[in-house]
């Protein structure tokens, strides 16, 4: 391999590390992505042009065509698709990567099986690539809705394990005998594809991001294996990076969802962790965590805080003031919306917020703040319920019908902090929590706000 | 190299990484040190016994003797020396490591100069090792007081640069001509030693830890270079780890001291950053930072907070309550010592702390708390001055002589937060700040306490 | 529709049922308003303020004659009723459960009467709920009155001349007034304890920083937000649980009421005799008979060094704010009862149904 | 050495110079104590409390005859002096600068007198400083009194019946009383502003959450912690700076004093006339002539809807705490002046020097 | 086991590279905020497209007459580059939401 | 420059190992609390004693009659092991202060 190419690969590897590193911080993430992309481009161009092979022009044309076609399609899909469809897209692309690895393996298997080592790499590349490919497609289908229900396969566990064992056995046998045998090859391929499907099919849609991350990690490993095959450093290191980072990321995502990796993978067989009081008929609720909520507010221009009785119960008045202060220092425009009957006595919120020295000027009455929700980026509802319940507008049968409420629904995003899905004073459901703009930040107000503050401090 | 040795080296390398990683967190640091030490032992034993050389028994005996002697001396020094002498010890040991690298180079230079590559590694190993050795010894001398004053060399910059250029030139020449030439060798050695001395001599004693860290990083690089020479992975990777981690650490230390690396190295030529109001004749003050103070309190059993007028000025009553709460949840026993005239009006501290809902039961009057300082691990004085001024006991000429004060001097550690060395209401110096048990945490009380709280949260 | 504001006649009363500011808002909605001369004086509203708002200022007789709707803060009395005519609509606090005679008198006049204190305790009625708005102020002022009467200060102070321990405040009844009393005493730095028959008030009291004294409660349920009468057994248990705090208290504020009944006796004379020398009791339930056995309405009784002040005067003493809030309640109530400036009562609707006590001479509730 | 506690004779005064508790501590140090019958009653100390502490309870004449040291809170008056003998030591607040006649009378008796209000404002004297300890309570009670007298409440409240804006409180003089007044008003939720001639008080006021109104100050220096008399120029500038706040204020508390002189007039009648209807002024400097032109000591003057209350009664109204603190101050002072139960005065020492006004009939200070 | 030992002997440096890469991957990702999980996953996904290099190598090494290899290789390149380009582009779009205000 | 290229060509894997190690070193240390600066420095110092391996190799490869080499090697081993043992021991002692209570 020419020195130039080596250096290029080295540089690409470094960009991968630096890029991933920068992707881990909101401020630098975009730059990180660009850096890694640049490195990748360099590696591709280098691979095509720097070598000492005699390559007929037609091959160059084919490569060029393939790259052109793939780039244009990839670009178009990525740019056109709606923001909400992003995760499924990632899954799709990931599947393509896996497929690519499999195809490489298939081609190489017919040519290059000189050593056990090579056979091992090729065979495992094919299997892993195939699993990723079919698994990713299933995940994609689940996310975009084409595969709606959780499909239960009878005797799933046994079938699953049988397929897995067969694959391993077949692969081992192929490595052992060494030679090229198309039958075995396609059998292996099919086995991988089936296993990928079996693996993802029983996992619920909400857990898909975790699965995608895991499959992504697998693609990385497939790439690394191919790298070993070609003794190609950039593939090796790049693939391993993605592989190990992907595993850690998967675990982090599970943690953020308060689950374990095994409960995700075998989740469909264990009990689901319902939130007490959640009402299925009103739709689903979206949970969030302190870190996400903090980032949302950090990048907002206008934030309105809606305190309610829960703030008093949690005695979180000091922390909420701290939150307001830190947001203000970050250039966010923060106000408190005080509903006249928030809390349990007239002026309850005033007493509370005066105690923590919140500037009186930041407390805005309902009638004055309601028109302002329209251009508010984030509303943070803390321990309030009835005073933001749209039933007061919509539901004549409700005991609060006719009561004026804070129109938080008009804001761009709504974060609601409370401990559970339990009702407030009036004892009624609140549709707001099921609103697609709403994210629930469960937990005691004091603890949740404290987390928010420390997340914000670290940004 | 035998596979076993390779695996051993690999394991050792992994222990180094894991060990360093764990050293970065208070909870795991001890474990990390032990892991790394175990890996090192493994590598040493492996090196001695696993090889296919024919080694006369005498050599084994010599090696054994050397290791025994070194181990015993090293152990004794490390265990005997007082806690306060630790940093200088680190410097001394570091110097030994550098010397070892130099000696290896010297031996090898006479034997193995086959290629430019080898010559380069050997020569740079010698130079770097020599610089580390002499530099570390100077640092050691400065820290243990044998080298008291900052020594000014006339035309320092020119001399320094001249020596540096000569070394580079000589080294390059030696690599170019290739052969063994004792004159050049010892010239080089001498050059390195002189440069090490020149490098460290003008730097002030307070900055020594940074210098040691830097020299430490250099030793790592010397080890790595030796590793390249022997194509020895554990030396290479281990050395580079120390080298890169050392540089980052050096920069982190500079940051923690609010300085830049260059201002440390060239510091003696620039103005010193005095703290306004500090009185040299009373001795020196010791600065600390939020992170250190937080760890101190985290691991304390009894903490007493002494609030004063500065707490009111900074309006830090809410944060101090948060600090108290977080310490309490960590199992620390926290109380407030309220001096009768703290603040500017009778009951000033009471008003302040009641606002943030501090439990009345935690506020202890002077007469009741004074006997308790004896078994207090850390006293945190926040914006108080006169009420903890020992002049009230010692100095009949002082305007506060005869006033009862809080006897914080009896506690094991004292952390004082204020913005500067300026006096309090009575306008007089406070010896307490110059007490050897006292560490000053400079800054506005609100900011400083907020930092403390977030450090504690991350523990 | 013409709305008449009457001057209050009860002794000590400083409030007025409608402020110039709110009158103006009603006029903007198409109502006409007449005010009796001098009605706003004690709340620092001058006749000229009303005039500026577009209100007619008239003699008492004229108001009674011209207005369709007559507003008062306190119940209409005999003098008032003499001037009331058939078809007129009276709005005020009537306390109809404890005032059957008054209700009959109104009915015999063939008039219509809404009682503001009968307002249901539901969220959407809160902006018409005068009990809430007035009791809230009462809770605040009761503590201020207590602090004024005491010979101790509230907060803890560690000073060069020694430490002053914080005053201990005990609140009976954690309703609207009780909660505000807790908040106010707590703000001033006192150590506050509270008790109530309704168990759900524990969390509420604690949310304001008070310690709640729980009394074993078997079956003493609340009804629609109000307390029921307590059993003797409960009363006994309550004394046991509270006595320790009571005998240490520097200030006691009692606010316990049971709608439509005499207020429960929560502190007996015997208990008062065991209290601290210099302690003060503010009995806000005095008008309903008092929560303390020895209290007398509008009097200060001193028993064994303990000052017992029976009062309702508290909200009146913050007449400026009290009148503003009362007026806003009335405004919301009138808007609720009318459509385009004319009455339109939906008797199926809870608020109208509950507050309409006498309709065209027929008694609906008692 | 025998110490005599006299009953206060000034009207409205409820304090006593030594409490049973502190008397006991002095007795433990070897002093003998006699108390005039009923001296502690208004502070809720009974004669029996004193007896239990080991104090002799005697008739007035006996106390004067037997005691070496005579204690009072307020200055000795003519009646008292008749009974004073040569060689007796009088300790109380004498206000010697404004009471030259009294001082001469004491001197003519050949007695010795310490004035507690002459205590130097140094840190180590703080535990004997009665001005500090009493003014502190006065600041608290002045705000409570103000809150009691107002027809508005202090805190901001956003309720279903409308929003109550927070009261605006303005404090003149940010000394001990002023600071405590700020703290108390702030605690209750008011918006507080303050002003003082001494520029160093800005930070102090702000440390309690008040907004400070700075007045351009050229050369109005303070002396030993006390303010000097202000120039006319300063007074003018002050009015300009403060008027806007004054005319919006709901409660004004004035505490400005210049030791040994008449209190400065800070609010003229003309200014009062421009204040808000319903506003209240509490003039704590009334005894020194008052900071408000219209205030009269111990009277409530109403001017154009503004209540002006001239008082010094504030600390006395919290007599329990006030007496405790005063007693502790006296205790510390006596300990300072004695060694092993006998007087030992070091005239070089600042505290003794400053407070010893008359020594054996010779006037040392005026 | 034997094979592993063999592999290590033959590829000791590769083994170091493997292990160090794993460490780098782990360390780089440690403690990132949850909002970045998805973009990061997407970015990592784009990086896993590095397999395209292998696909190109397949093409470069193919006999121009081996149509099967060429076709598969062609497909592999298309799929690989889709992963790369699409992956980076999607990541970029996701990260648009982290624009700093003002 | 040429030599660097030459080195890279001959030692491409070593170069990767170098660079990856640097990254690991950096990442591992990032954002540690300041109290740990000194123990960490001390720990790193002990690790830099890995040079002892070289010293041992010198001895092992020495001709038993090459006294100079033996002496120097001997010294190098003594100094190296001093660094290692002393370094770890000092670090250990420094870390004693982080004992968790109860």
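As written, the chain order gives the labels A, B, C, D, E and F, with residue 1 at the start of each chain.
Basically, a residue touches a chain if its C-beta (ideal position, glycine included) is under 8 Å from a C-beta of that chain, and two chains touch if they have at least 3 such contacts.
Since we're looking at a predicted model, the values are computed, not measured.
Asks: Give me the set of chains touching chain A intersected with the set touching chain C.
Replies: For chain A paired with chain C, the chains in contact with each are B, D, in label order.
Asks: Quickly list, by label, the chains bordering both chain D and chain F.
Replies: Chains touching both chain D and chain F: A, B.
Asks: Based on CA centres, what chain would you say lies at the far end from chain B?
Replies: Comparing chain centres, C lies farthest from chain B.
Asks: Which chain pair shares more contacting C-beta pairs: B-D, or B-F?
Replies: Counting C-beta pairs in contact for B-D and B-F gives the edge to B-F.
Asks: Taking each chain's centre as the mean of its C-alpha atoms, give the chain farthest from chain D.
Replies: Farthest by centroid: E.
Asks: Approximately how many whole Å separate the CA-defined centres of chain A and chain E?
Replies: It comes to 18 Å between the two C-alpha centres.
Asks: Could you work out how far the Cα centre of chain C sits from that of chain F, in whole Å?
Replies: Distance between chain centres: 81 Å.
Asks: Please tell me the distance, in whole Å, between the geometric centres of chain E and chain F computed from their C-alpha atoms.
Replies: The answer is 33 Å.
Asks: Mark out which residues of chain F touch at least two other chains, giving numbers and ranges.
Replies: Correct list: 13-14, 16-17, 20-21, 23-24, 27-28.
Asks: Mind pulling the residue numbers of chain A that touch at least two other chains?
Replies: Touching at least two other chains: 17, 21, 233, 237, 315, 340-341, 346-347, 351, 354-355, 357.
Asks: Counting only residues that touch at least two other chains, what does the list for chain C look like?
Replies: 126-127, 132-133, 136, 155, 157, 159-161, 164, 187, 189, 209
Asks: Would you mind giving me the full set of chain pairs in touch?
Replies: The set of touching chain pairs is A-B, A-C, A-D, A-E, A-F, B-C, B-D, B-E, B-F, C-D, E-F.
Asks: For the complex, give me every residue of chain A touching chain F.
Replies: 1, 3, 6-7, 10, 13-14, 17, 21, 233, 237
Asks: For a test of understanding, state which residues of chain F touch chain E in their complex under the given definition.
Replies: Those in contact with chain E are residues 13-14, 16-17, 20-21, 23-24, 27-28.
Asks: Can you check the complex and tell me which residues of chain E touch chain A?
Replies: So the residues of chain E in touch with chain A come to 3, 7, 14, 17-18, 21-26, 28-30, 32-62, 64, 68-70, 72-102.
Asks: Quick check: in the complex, which residue numbers of chain B touch chain D?
Replies: Result: residues 309, 312-313, 315, 340-341, 343-348, 351, 354-355, 386, 392, 399-403, 425-426 of chain B touch chain D.
Asks: Which chain B residues qualify as touching chain F in the complex?
Replies: Residue list for chain B touching chain F: 16-17, 19-21, 23-27, 29-30, 32-34, 36-37, 40, 43-44, 47-48, 51, 53, 55-56, 58-59, 62-63, 65-67, 69-71, 73-75, 77-79, 81, 83, 86-87, 89-90, 92-94, 96-97, 99-101, 103-104, 106-108, 110-111, 116-117, 120, 209, 212-213, 216-217, 219-220, 222-224, 226-230, 232-246, 248-249, 252-253, 256, 289, 291-292, 294-296, 299-301, 331, 455, 458-459.
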